[in-house]
Every structure is written in structure tokens, then in C-alpha cells.
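Labels for the chains are A, B, C and D, by order of writing; each one numbers its residues from 1.
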Amino acid sequence: MNRPAAAYDFVVRGATVLTSADSFVGDIAVADGRVAALGAVEAGTAEIVDARGLVAVPGGVDAHTHFDMPFAGGTTADDFETGTRAALFGGTTTIIDFATQRRGASLLSALEAWHAKADGRCLADYAFHMAITDFSARASAEVERLAREGVTSLKLYLAYPGTLMSEDDAVLRALRRSNEVGALVSLHCENGRAIAELVRRALREGRRGCANHPLTRPPELEAEAVRRAAALARAARAPVYLVHLSAAESLETVRRCRQGGAFVLAETCPQYLYLSAREYERPGLAAAPFVVCPPLRSREDAQALWAGLAAGEFQAVASDHCSFPARTRPGRPGKDRGRRDFSRVPGGAPGVETRLPLLWEAVQRGDISTGRFVELAACGPAKAFGLYPRKGHLNPGADADIVLIDPRHRAAITARALHHAVDYTPFEGLTVHGAVRDVWLRGKRMLSQGRLLGRPGDGRYISRSRRQFCL
Amino acid sequence: MNRPAAAYDFVVRGATVLTSADSFVGDIAVADGRVAALGAVEAGTAEIVDARGLVAVPGGVDAHTHFDMPFAGGTTADDFETGTRAALFGGTTTIIDFATQRRGASLLSALEAWHAKADGRCLADYAFHMAITDFSARASAEVERLAREGVTSLKLYLAYPGTLMSEDDAVLRALRRSNEVGALVSLHCENGRAIAELVRRALREGRRGCANHPLTRPPELEAEAVRRAAALARAARAPVYLVHLSAAESLETVRRCRQGGAFVLAETCPQYLYLSAREYERPGLAAAPFVVCPPLRSREDAQALWAGLAAGEFQAVASDHCSFPARTRPGRPGKDRGRRDFSRVPGGAPGVETRLPLLWEAVQRGDISTGRFVELAACGPAKAFGLYPRKGHLNPGADADIVLIDPRHRAAITARALHHAVDYTPFEGLTVHGAVRDVWLRGKRMLSQGRLLGRPGDGRYISRSRRQFCL
Amino acid sequence: MNRPAAAYDFVVRGATVLTSADSFVGDIAVADGRVAALGAVEAGTAEIVDARGLVAVPGGVDAHTHFDMPFAGGTTADDFETGTRAALFGGTTTIIDFATQRRGASLLSALEAWHAKADGRCLADYAFHMAITDFSARASAEVERLAREGVTSLKLYLAYPGTLMSEDDAVLRALRRSNEVGALVSLHCENGRAIAELVRRALREGRRGCANHPLTRPPELEAEAVRRAAALARAARAPVYLVHLSAAESLETVRRCRQGGAFVLAETCPQYLYLSAREYERPGLAAAPFVVCPPLRSREDAQALWAGLAAGEFQAVASDHCSFPARTRPGRPGKDRGRRDFSRVPGGAPGVETRLPLLWEAVQRGDISTGRFVELAACGPAKAFGLYPRKGHLNPGADADIVLIDPRHRAAITARALHHAVDYTPFEGLTVHGAVRDVWLRGKRMLSQGRLLGRPGDGRYISRSRRQFCL
Amino acid sequence: MNRPAAAYDFVVRGATVLTSADSFVGDIAVADGRVAALGAVEAGTAEIVDARGLVAVPGGVDAHTHFDMPFAGGTTADDFETGTRAALFGGTTTIIDFATQRRGASLLSALEAWHAKADGRCLADYAFHMAITDFSARASAEVERLAREGVTSLKLYLAYPGTLMSEDDAVLRALRRSNEVGALVSLHCENGRAIAELVRRALREGRRGCANHPLTRPPELEAEAVRRAAALARAARAPVYLVHLSAAESLETVRRCRQGGAFVLAETCPQYLYLSAREYERPGLAAAPFVVCPPLRSREDAQALWAGLAAGEFQAVASDHCSFPARTRPGRPGKDRGRRDFSRVPGGAPGVETRLPLLWEAVQRGDISTGRFVELAACGPAKAFGLYPRKGHLNPGADADIVLIDPRHRAAITARALHHAVDYTPFEGLTVHGAVRDVWLRGKRMLSQGRLLGRPGDGRYISRSRRQFCL
């Protein structure tokens, strides 16, 4: 019955350890890349990392990145190497990116293509969603195989008609089919056709600047799509995960749909929490870096989202990292594409490195508890997307993805100090308390006192499990 | 200043006269086809109609009929003659039918075609909505001309993909354009594509009977479309009129959208109030006569609709009269088309003659007040669709469309006693109190103690005015 | 069957006549003090009043006045003569005042006392509510007798502990007992004890100015009492009428309680619609004239009330006329009683003369329709309190209480031009369109082109009927 | 930096350990009465408890018991010895009981009295709320002293006029004062006066059986008091904890009040979850054991409460253990007091021993997750009432209050098998899965494989800390 002496590899000693419910001051013992024990443990011969005064949190899980994403004959600025390096510096040890089906093509070939992009290049663990552009019979048939390959989530778009948008019947089919195999559908909720009409009208009327971006994507057309998504999910008797909610009305709609029996998981992003549509008042292309879809909203919207986070109405905060440079370079379409037409600005902003620090800042400001921090930054997305119990928490048995935060640090976010491949951050100048100091990935030290030790290839593909939560 | 003696044509004496707010016992004096005076009036030499013990109400306005409607190479069973004759027997003196655009064709040609169907054949006054199947630039350009022709409402469908359905951008355009010219858009709210998917699935699984009709058109797919309609209307800053709401969830959605600032007018029909989905449990084709879209719902849904009527949340009760015979005849596709496939049953039921009596029955049962009766049966639809102040009430100046109800009468509804051109009524056997006894149309006596005096051609086309209610 | 020539007393010719649903241009014929006929009528030998270009509306019904009300050893400034004279100038032909039970005394003696105050002095018709201070067994026993005397409504206070406040069990008993005899209970909804505590605290902390009035009577303590009132009404299975709602939260609470099955009638007042709490920022006693209970609220609250009026959520707009002079005179306690303690300012403001004109102004501004105007100013309170069908509308058979408004008039409200017995109006300087020009009371001309013809004693006591609306 | 070998006292090995967010299979090492480490630990010379196949949960925290409570000249049947013994057998290691102020007396004297009742007799740790009957100035002055003594919560009653009930101003004062010192007010929400009126009426009408118990305490009078409590809390800018919510409408009210900005913590009890008002249909005194206040409600109410538990809307499930024997004995008033008058039945039921097992059963039925179980049974009440981080969870540093559940066990609850001092349980015959097998209290083994090792006096008084959650 007694066991041989626990041979820990190393012990992080004396940190304030955060779990998604509680916290305590003590040790984290790691063995074989996993958390072996918590509390007052005997280190024996194991290395000891003095973490007194630091906060230990589980490595962040960012469920929404777009690295090396094809666009307009090029790709987004960050590839899997620069993207995951930035993630690491920001305390995120697992990302889930979107393999994207080409219209008419198979899902498995998309998965293969994305493996080719990522394999051997990552400094954080990674997994894939499958972004659907054409939920054909063939695609439907591949869903089970995808799940076996660890891709247990599909994403469909209610926006972007003509390119990414799926029709409601395809969404319904995808929800049903996914549910059969234990996969989860996530949806981008904006009414694509109505927005296209508003955009056409704006352009026809000569309204071409970025100030028209939010006007042509009003909150009611997001909330409408949220309601539609929930209705389709109910009709399919399936859960649904809604990405990047931005508006108070959307959250209120989620609330009501849940009360009506829909099983809806919801995500928002730091940009919708910390920024507002006032950014679009900047002149000319100065507003372009802030063009994201859905657009930034009002301060009241942001306030409602904060309240929703605090109340446990969101399951995840993701970055939706999608980086385009200010200026177009060869193979790198830039924000300046929209010089004469706001609708041609490639939508998206970098955020994988700032996501977890901005959530930590919310703890410092009293907007969310430490428990909520762990849930939104790591545990929630891990549970939603089949990474739990390997990822997302620090209990014994979990991957030793450990992040030490120095809570005394205080600095403004600047593009210069970040590690992604574009030269701006929408959060420029925002002061945050706390800095990511050390990061372990499956027990391997990747960041040490802010110095990078990890290398491309240290990050591994994580085959995600099928949905386990009950419906 | 004094005027010559009022030369009334006739005086209806001693009725209980209902207005949409009040009632009184007194006279209605008619001159030149209009209501000249109310109260205690001196008849002079005018004919006197003794109406003591009877109830005088304004002639009913049915804003939703489908007479002589093309379908499957034939038409609905009732044409404008049989349809308006039935209307008259049911106390309805004005109907609004749907001229329907052929895909790709012009709106004005559709209007012309419908005038040809109706002119000279009607026994009640009539007007047209324009049903849109293709809101092209050409169609958009015709809207102003239509309005000048008295067609101040368009109807679009969110259901029936491939035939009638419009995409959301077309709906948005139609809302905007209509609002510019003071026309109103009405929408059939069901999610066409999602329903098509549920139907395909049902058929694929061999579920082919009418019991699948309500299962493939669940309430959440109606409520979803209601929410979408309201969002599009808000985006267009236009009002919207939602036809034939059938479900509690839809009404609740209307309520919330109104609170959110949408200007939504709502209609329901007697079939959703008096019948329920239990009719679909009948074996084989016995259920087919009850196939209407949206389908009949639960008793709880009906109860919620009744409460909504009482609370003033609906602006109109319409019949959605759309009559198909049980058996297909040449040129008259029948309910038996769905013998092996419920989705092929032509949807619709007759109701133009029973609509007003069923609303009067609701007064007798205490479900609605007399004021609400007038509003829902006549005044509400007249106001919504630009027929007011000519139609829908009995104030001085209004058309003398007068209906006398004998409140002591009590009888069961039977198809045999009705005047439409199909041999069934979904309300067979339902006992109603009160009978339509006399009807005047613009002062002309059309029905006298139940005997028909009017003739085809007595009914005239009514050019409707543009929207007057404020937004 | 034919009747003798209608011998009208006079005919108001050519006015735009408003009913609560509709309007028309035509005549109003009056005989025997009642409306005899509407429309185009033959005047015969009757006097003709040329009303072309004017608007004829039913005489206003103000369901909430406090004339000759005992307070602090004196009374309010207006007695039944000055009060009803002011009413008349403001187009109000019926008022309902509050006979108030002395603690421990009988209700009938209070009624007798109030008859003594009013009889022979009124220039408008009048009726009484019974204000309860002590719903004892004896009081309960008197309710049936009161109803027979035409007092078919009780009022209880959830505010003012120690003087007027009733405990919840007394309210429950009163609701039940009143319902048995067809009487209606109205309630002043504010949590008296909690407010008293907030006031004590404010005074203890040395906060003594009128700016503390709204702070110590926050909207949540009104909304709380609204919810309580509705719960007690539900427990008693009785309807309830809530006086002078002032806050958005209260209206929202009413809405929810109605959805939960409570039968709640609601009233608000012009001061809550046109004014705001910013008045309390005036220095010293300058704010005292605006001290009313509940206090004036924010502009957002007012906006919510306007929306509620437009949507038909209120049944009446009353004045809550309760006039105290700025300076105390013998027998007339004044607003200056609160010089050193805001809680000693006698609460109330004059408004009986400005109520109907301010509602008409709302029509001009597009805030409410003419139908809603009639409903809120006359028909709604008449129906709620058993004055209908005699009062509140202009249908044949109703009392010929007719008001002609000259819609082209435009002037600012000034205390100088008003006829009540205090020298201020809270609406000083507010410009209104439309002026009351002529008033008939039961066919007797009381006001002619702005000149007073009526005399004290022309107003009669109206014995109100029991509740007729269904529950 | 390195530490000496961890000298654990014992190690619970191989259990499935539940935290409020997660679970893992591993060890719990205990030293000095506290959890020292979790996971794979080296036991060294420490005793090893083989817990493979068992589930380890934190010792339950029951925040609502009434042991040795004075009533009708006697006391409840359970004293602190029998009560805490029963608690222990049910896996509960900490209870919070109510020291109750005598009207007019000091709070400190009540605390003293309750210490005398409990000290040296308990087998579980215990703390005290202070139940207020008279929040006088003196009482207010004692609140700070109470907090220093570890009594950081007051309880007031909106029910029971004449004995326990506080008026709203007293509640407001108590909320304010408590908030100043970091104490929490809990409230019993039922409208005492309205209920008293309903009871008087029932008795007057000769309705004397227990079937009248729920009829005289309808859900709307609970929901009303909930709304009132929240309004007073908002007015005081203080949090509030609502005990034993029983009705769907109450929960819905909590939801809306939270959305309106009130900080409301909520508790329910197993009786409201597993039982219903149908128990009151039992004849004669057979219904009396089920008389609790608020009463048992409908199955729909219970369903709504379950949904609320699952959704995280409650912070605690407490027993409200209040045991009266079926038959009155000397010093032990019994349920038979209500033989001729249901209102004289002493309200309450035993439940301290069945609480945690019934929550565990809910996990087995899929009604709540294991995380929610820990939260509701232990962590939530510990956090609400200042016992956290000592109590309520199993993280390193917490008191070693450990409960091992044998999940394979399955048995019906029977009074015979329970350890409290009355001979019935309202849950008689209800089958539950899982049995409490072993219990440690601060590292001391109190129950071993179902055998009692602990003794009176092993339980200690826990001085609770002040409120730490942010408002």
C-alpha cells in the first residue's frame, strides 16, 4: 500500500496558487511533466523554485487564434511560431487555431494543411477547430474522423456571405452531426446579409471611412444572430458556443435563450472589454487597426460584458488574435487596404500576448475574482473544448503548464515590448499590474524570469477529447 | 351657419352601437354611403331600420386573404366572388388580398393581374398587398408607384426557400424603401431553411404523415424569425407587421423587441386561438385540412395568444383564408396531394366567414372586451393598412359599412352552412353565440336578415393611404 | 317606431370631436344635459355653437385631488370652490377628492364631513374616495354602506407611518372587503418605515435641505411598495389602483406583476412627466414648492413614464393637486415649514388646472395620440372609478361635459394666469399649445370663450357605481 | 530555502478528491489538523488511510440549524450534542446555529447563553449567527463587539409578527450597521402580517387542518418579501443573505433584483427540493411533521430551484434543522400542538444529517455537478459566513475536515437509522446513493467506517471572520 518516495522533478515553492474556486499558499510539485502534488511537500532532491511572493496560475488556454491564416493572397502576419511565442510571453500555454476548409474541399485536407503549418514550429501546445465554409455531405461524413483526430469542434459563420457564411440549414446540420459525435459547434454571430446591405448602402452614399464600420454592423444584427444560433441549437438539441460576443444586447439574448432551454456557451475578448467604438473616430487609417468584427461597441456595452463575466455568464475570454500589419507587405495584406473603403480593411487585431495579463488586470481592478480569472483564462475554455482535465487547472494529474505572475510589476502595454509580428497593439498605453515571469509547459521551463528558454517545436499538438458536459 | 335639414338615407335605430372604446344604445344615421350621425337623431323621411336588441358593429376588415391564388398549376378554391361572398356572410366588408410578384417580373404587372381577377367580381370592398418574391432594383423602383395606386404594403416571406422566401438583405432593403414612401412591410416569420432541413430529415427517416408537420416547424423557428424581423426593422428604422403569429414564444419575443425599441405590429388568426396541434393526431389525410403554416400549436400557446389579445398586444386578427379542397379537382389542387408526404399538403384553411363570428364569441366567453373586438376585427387592421378613417369604425364620416349582430342566436359552425368554395371548415362543430344578420356596404344593404341582396361588383377597390402612425 | 323630432337644446357644430379611439369632424347635439347625437345633425330650433376649427373633448376627470384637506391644524390652500373653479378653467369637469377617516373614527362620519366641505361650493362635478387610516372591523363593516352612497373606492397608504400608513394586513383586509362589494382600493406606494429611517439618518447627519428629499425616498423604495401592493392584491384576488407612479423601476415592476397575474391599474401625474429632480438643486426654500411625494425623479424616469403612457400601461393621469402656499398663513400651513428640515415641508403641489392642458401638449409633441389623451384625461379614470358611462367620453347618452380646445393658442403657463389659491405652479414658464375655451357641464355652459359663467353649486355630487371591469 | 521533511500525520490515499471546481484522484496529506498537501505525496512514517474507490469531500458546512432553541416553554428536541452528532453522521463538520436575542435584551447576553448551551457538548465545529428580535440602539452598538467575538452575521425575520418580526426600518438599520462592521444580514422572507391575516381568516372560516398551512403562506408573499429585502439592501448599500427560499417566484425575484444591482446571496433547503405540498394532503396530524415555514411548494417550484442550483444561483443549501417530536413531551413541545389549529403546529423539521447525502444524491441523479455539490454543501456557506479559507474546501492550509463517501452504497433514508433526537424524518423512504463512511474534524478521526469515534467537546467554537467578498 505504501508507495516509493515521490521523485518530483521540481517543486515550485511558496507561491499563492490559484485554482478556479480557491487559492492557497504552498508548493506545486511536478513529476513527469504533470502536477504531482500541491501543498507542503518534501522536495527531496528535486530542484526547488522559490516562488514566494508570486502567484501561480494554470497556463492560459486561448481558444481563438488565427495564425498563418490565408487572406487576400497572403496570410495574417503571425505564423505559428511568432504567434505561440507571443502566447508564451503572455502566459498562454495552449492555443486553439482554426483549420479552414476551402469551399468544396474536404475537411481532412484542411486539417492536414494546418498541421503542416504548425508542426515543429510551436512554442505552446496547440489544437485545431475546423472552420467550415461548405457543410456538404462529404464534410458531414468527415466529422467523426475529425473527432478521432482530436478535432472536436467545428466553427461556422453567420457572417461574411459569399466567403465564409453558412446558411441556416447547413448550421442546423452541422449542429446535429457534431452533437452525434460529441463535437461542439461554435458560431460567429452577425447577420451577414443584412450587414452587407448596410455596407453597400454606406458605400453608395459615399460614406467610406472607418467610422462606418460600427454603423454597418450594429449590435442588433449581432443579437439577432445570437438568437438565431440559439434557436438552431435548440432545434438540433445540441449545445452551441458563441465566439466573441461584443454587445450588451447579445449577452441579454444569451441569458434569455438559456432561460428558454438553450445550451449556450459564450466567449468574449479583451478588446470588447477595454476598448470602445470611440476608437473609430480617429482620422483616416488611424482607426483601421481597431477594425475587428464584430466592431468595438459603447462603454455601456463593455460594462455589461464585465458584469456578465463577474456573474459567470461567459465560459471563456479568448483573444481572437488575427494580426494584420498597418502597411501591406508582400504576402502580408495590411490595414491600409481600406484606405478608400472601410469594408476592405482586413478585420482583426493582435491579442494573444495581452489576453491573460488583461484578465489579471481585471482582478486587480476588482472586476472579477481570482477564481473567475482562472475559469475565463484557462479552465473554462479547456472544459468547453475537450482539453480538460489535462489543461486549464493545477490539480494533481494535470499537465504541468504553470505560469508565475509577479504581482508587484506594473507597466503600460506597448507594441514595442510585445512579441507578435505586427507593430501595433490596440491596447497601447494601457497600464496593467502584474507580469508573467516564468512559464512551464508540461514541466519544461519555457520562460524564466522573462527570458525565453523554449524553442519552436516544444509545443505539441493536443488531440482534444469529445464533449463531456451534459446537455 | 345653420344647415339644411339633414337628409339621411336611412337610420338604424336603437342598436347597441360598438366603437373601439365604448358603446351606447342609439341610432346610426346614414347619408351618401357614410355614417352621418350617431345617437338620438330625427329620421325625417328616411327609412328606419329597427335594430333594437341587436348590436351594431363596423364592417369587419380582414387584412389577410388568398383568393384565386396560383398554386401548383391551379388556384385556391375561392375566387374573389366566392371569397367576398363568404366574407359578407361573416360580417366582413373589406378584405386585403395579396397580389403576388412572379420571380423576376414587375410588381405593377402583378397588380394588374390581380385587378383582373377581382374587378367586377367582389361583394365586399377590397384592396391589395403586394407579395414580393424578388425585391430587385426594379421592384424597389416600383414601390412609389404602387403606393400611388393605393398599394401601401409589401409582404415578404422568411419561409418557403426557393419559391417565396426573401433573403435578409432583401428584407432590409424592402423595409427601408417602403418606409421612405410610407408603406408598411409585413413578414411571414418562420425560418425557411431550417424548416426545410427538418423536413428533409423527417422524410429521409420515413416520417411522412401530417403529425410531422408541427414537428418540423417548431415554435422556436417562428420566434427566431420574429426576432430577426424585428432586428431588420430596427436596422432599417422602419415599422414591421408580423402576420399570423401562432406561438407564445413568438409573442414574448415581440414584447421584448418592442421594449428594445422595435416598432412591431402583430396579427394572429382564429385557428391559432381555437384549435391546437392535437388535430394533427388524426389518422392519414384527416389531418390534412388542418395543415396551415405556421402549424397549430399547443393549448398553452393559444392561451398565451388570448392573453395577448386581451392586453392589446395584437393589432389585428385576420383569417389567412387560403382554401384548398380535400380532394384535388382540375385546376384546384387539394389536400390529398400530401397523401404520401406531409410536406406536399398545400398549406391553408378557409376562414374569412368565421373570423368575425369567432371574435364575437370571444366577447361572449369573456376573453376580450367589446372594444377589443372592434379593434381586432376592424379598426386595428384598418389603421395599420391605411384604410382608416374610411373603414374600421362607425364614427360620423366613415363609410357606412355596418353589421348588425343578433346576440341571441346560438349555433354550431358547420361547413354546410358556410358560403366559401370548399367543403370543410376547421372549426366544424364549434358553437358560437351571435349571428350576422344585416350588412350594409357603403350604405348599400348587402345582407338583410341573413338573405343576400348584394351582387358581384358591389364591392369596390379601395386605394389605401400611406402610413400615418408615428414611428 | 318613428320618434318625434329630436328637440336638441343646443348643437356644437363642426368641431373635431375626439373619442378615446377615433376622431371625426362633426356636430355634438345636446339634450337634457346629455349628449344626444353626434355627426351631421339637424339643429332645428336649437342653439348652434360654431366650433369649427376647435377640438371637442370630453370633460376631464381628475381622480386625485386634495381640496380643503386638514393638515397641521389648518388645511390645504384650495377649498372645493377654488379648486373646482381651477379645474373648470383647465377643462376638468369631474374631480374625485379624498374624504379622510380620522384614526379610530368611522368612515361614514368622514364622508359626512367631506360632504359638508363640498356641497354647494363646487363648480365641477365631484365624488369621493375614502382615505383609510385605520381599517378596523367597524370600518370594514361600513364599506358596503359607503358603496351604496357612491363611494366605491378606498385609498390606503404604504407611506407615512404614524399618521396615514396602514399595515400590510390591513391593506389585505381592505382589498378583500372592497372587492366583495365591488369597490376598488388605491394605494400610495412608498415604503414608509424605510423612508422614515433614511430621513432620520439624514437629519442626524445634518443633511437638512430639500436636496435630501429625493435621496431619502429612492425609487427602489417606491418599486418595492409597488411589488408589495401587487402581491397583496394577488393574495386577496382583488384589483388594485396605484396612485402617482413616478419611477421607471415602478413601471417595470407593474409590468412584471401584470405578467404574473396581478390586476394592477396605474396612474401617474404631469409633474413626474415634465419635471425632474434637478428642481431640488435650487437653493434653500426655492426647492420647497417642488417637494411632492414620491419626489420628482430623473429625466430617464420621465422618459420611461412617457413610453408607458404611449403604450397604454397607465389608466389615468391625475393631478394629485395638493396646494400649500410658499408662506404659512393662519390656517394655511406653507412650504416654509421646512426651512430647517426638509422633512417638514408639506408635500404637494397644485395641478388641477394644468393637468389636461399638459396632456394636450403631449399630443402636440407627438408623445401620445389623441385617443390616448382622451383615455388618460377622462375615459380611463372614469372607467376605473365607476363614473363611466356617464363621464369620460362623448358618446350619445353620456353627460354633456364638453370641452372645446382652441388648438391654435400657444402660451406659457404662469401662476398669475391660473385660478387656484396658491401663488405658484411647478410648471411656471412651460409653453403649451392649445387653450381651453369653452366648457359645458351636463349641458350647462360654465366657461364661454374663457369667461366664467358657472357658479359654486353648479357642480353636483356624483354617486359612483361599483366596479364593472372583469378580473 | 529547502524545508525539513514533511512530517504528515496521516495520508488519505487514492481517493477521488473533489474541489469546488475540479476533481482528481490522489492523496490528501494531513499535518497539525490541516490539509498539508494534495496529490502524489510521500507518506513517510505517517499513517496511511486507503481510500481507493472512495470520494473525498470537504466536511459539510450547515449554515442554518436550530439546536436547543427555546419554544413554548421548552426547546427543540435536538440539543447541541445530539444535533452535532447527527451532523457528523451526515458528513457535516461545521454548523452555524442561531443565538437569539430576547426582546429588549442585549445581544451579548444572548451570545453568552448560547455559548453555555453549546460549549463542551459539540461533536462538530460550531459558530453562531445572532437572531435579532429588537434592533434597538443598544443592539446596534453591540454589533461591532459581536463581530470581534466571531459573530459576523445577524438574522432578522420579515415573518412572525409579535414575536420575531422586525419592521422594515429596523431591517434597514441592521443592514447598514452590519455592513459597517463587515457582518452579513440574513433574512427570513415571508410577509408576516399578510400571512397572519390569511391565517386569521382561515381559522375564522373554520379551516383548521394542515392543508391550510400552504394556503395561508402563498409563494407571492414570500416573493414579495424577497423583493422588499433586496430593496432594503440596495437602500442600505449592503449585501443580504436570504434563507430557505422555497418558490420559483422567489428565485425569479432574486434574479431580477440582482440584475437591478442588489447583492443577494441565496439559500435553499433539501425539503424544498425533494418534497412538495402534496404532503399536506395527509389526514390529520400526519401532515404536521411537514409543517415548515415557508411551506413545501409545488413540484414546479422544486424544479425551478433545482435549475437554479445547477445554474449557480444559490450560494448554499442548508438544513434549517429544527426538530420537534410528533408528540409533546415535558419540555419538548411537539407537532401535536396543532391538533385543532394548524397555525399552532411548531414549524420545522430535522435535516442536519440528511442534508449532505441528499445533495450527493443530486449529483448521482445528474441534477448538479460535483463542483456544485462542494460549493453548496461546504464552500459556498463557508465563504458567505466568514469560515473560509479554514472551512469548506480541501486545499492545502484548510482545516482537515475530510469526509469519505462510499459511492457504491445505496439505501433508503429511515428515521430509525438517523441519529437526531426525533423519531421521524420528512425524507422517510427516499433512496440515496452513497454513504458517509469516514469523517475527520481538524485531523481528528470522528467517524470510522460508520463507527463514531468522536466525543462531545471535540467540536470547537469557530470565530468567524468579517465579510471579505467585494460589493
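Please note the rule applied: a contact is a pair of C-beta atoms (placed from the backbone, for glycine too) under 8 Å apart; a residue touches a chain by one contact, two chains touch by 3 or more.
Not measured: the values here are computed from a predicted model.
Student: Can you list every chain in contact with both subunit A and subunit D?
Tutor: Where subunit A and subunit D might share a partner, there is none at all.
Student: Can you work out the whole-Å distance between the CA centroids of subunit B and subunit C?
Tutor: Chain centroid spacing, subunit B to subunit C, equals 40 Å.
Student: Nearest whole angstrom, what separates the Cα centre of subunit A from the Cα centre of subunit B?
Tutor: Roughly 51 Å separates the two chain centres.
Student: Using mean CA coordinates as chain centres, what's the gap between subunit B and subunit D in Å?
Tutor: Chain centres of subunit B and subunit D, defined by C-alpha means, are spaced 59 Å apart.
Student: Could you list which residues of subunit A touch at least two other chains?
Tutor: Subunit A, residues with two or more chain partners: not present.
Student: Name the shape of the chain contact graph, picking from line, ring, star, complete and other.
Tutor: Contact map by chain: ring.
Student: For subunit C, which residues are in contact with subunit B within the complex?
Tutor: Against subunit B, the touching part of subunit C is residues 1-3, 5-6, 13, 17, 19-27, 29, 31, 35-44, 48, 50, 258, 311-312, 366, 371, 374-375, 379, 389, 393, 395-398, 470.
Student: Would you pull the subunit A residues touching subunit B in the complex into a rising list?
Tutor: It comes out as residues 167-169, 172-173, 191, 193-194, 196-198, 218, 220-221, 223-224, 227-228, 231-232, 234-235, 249, 256, 260.
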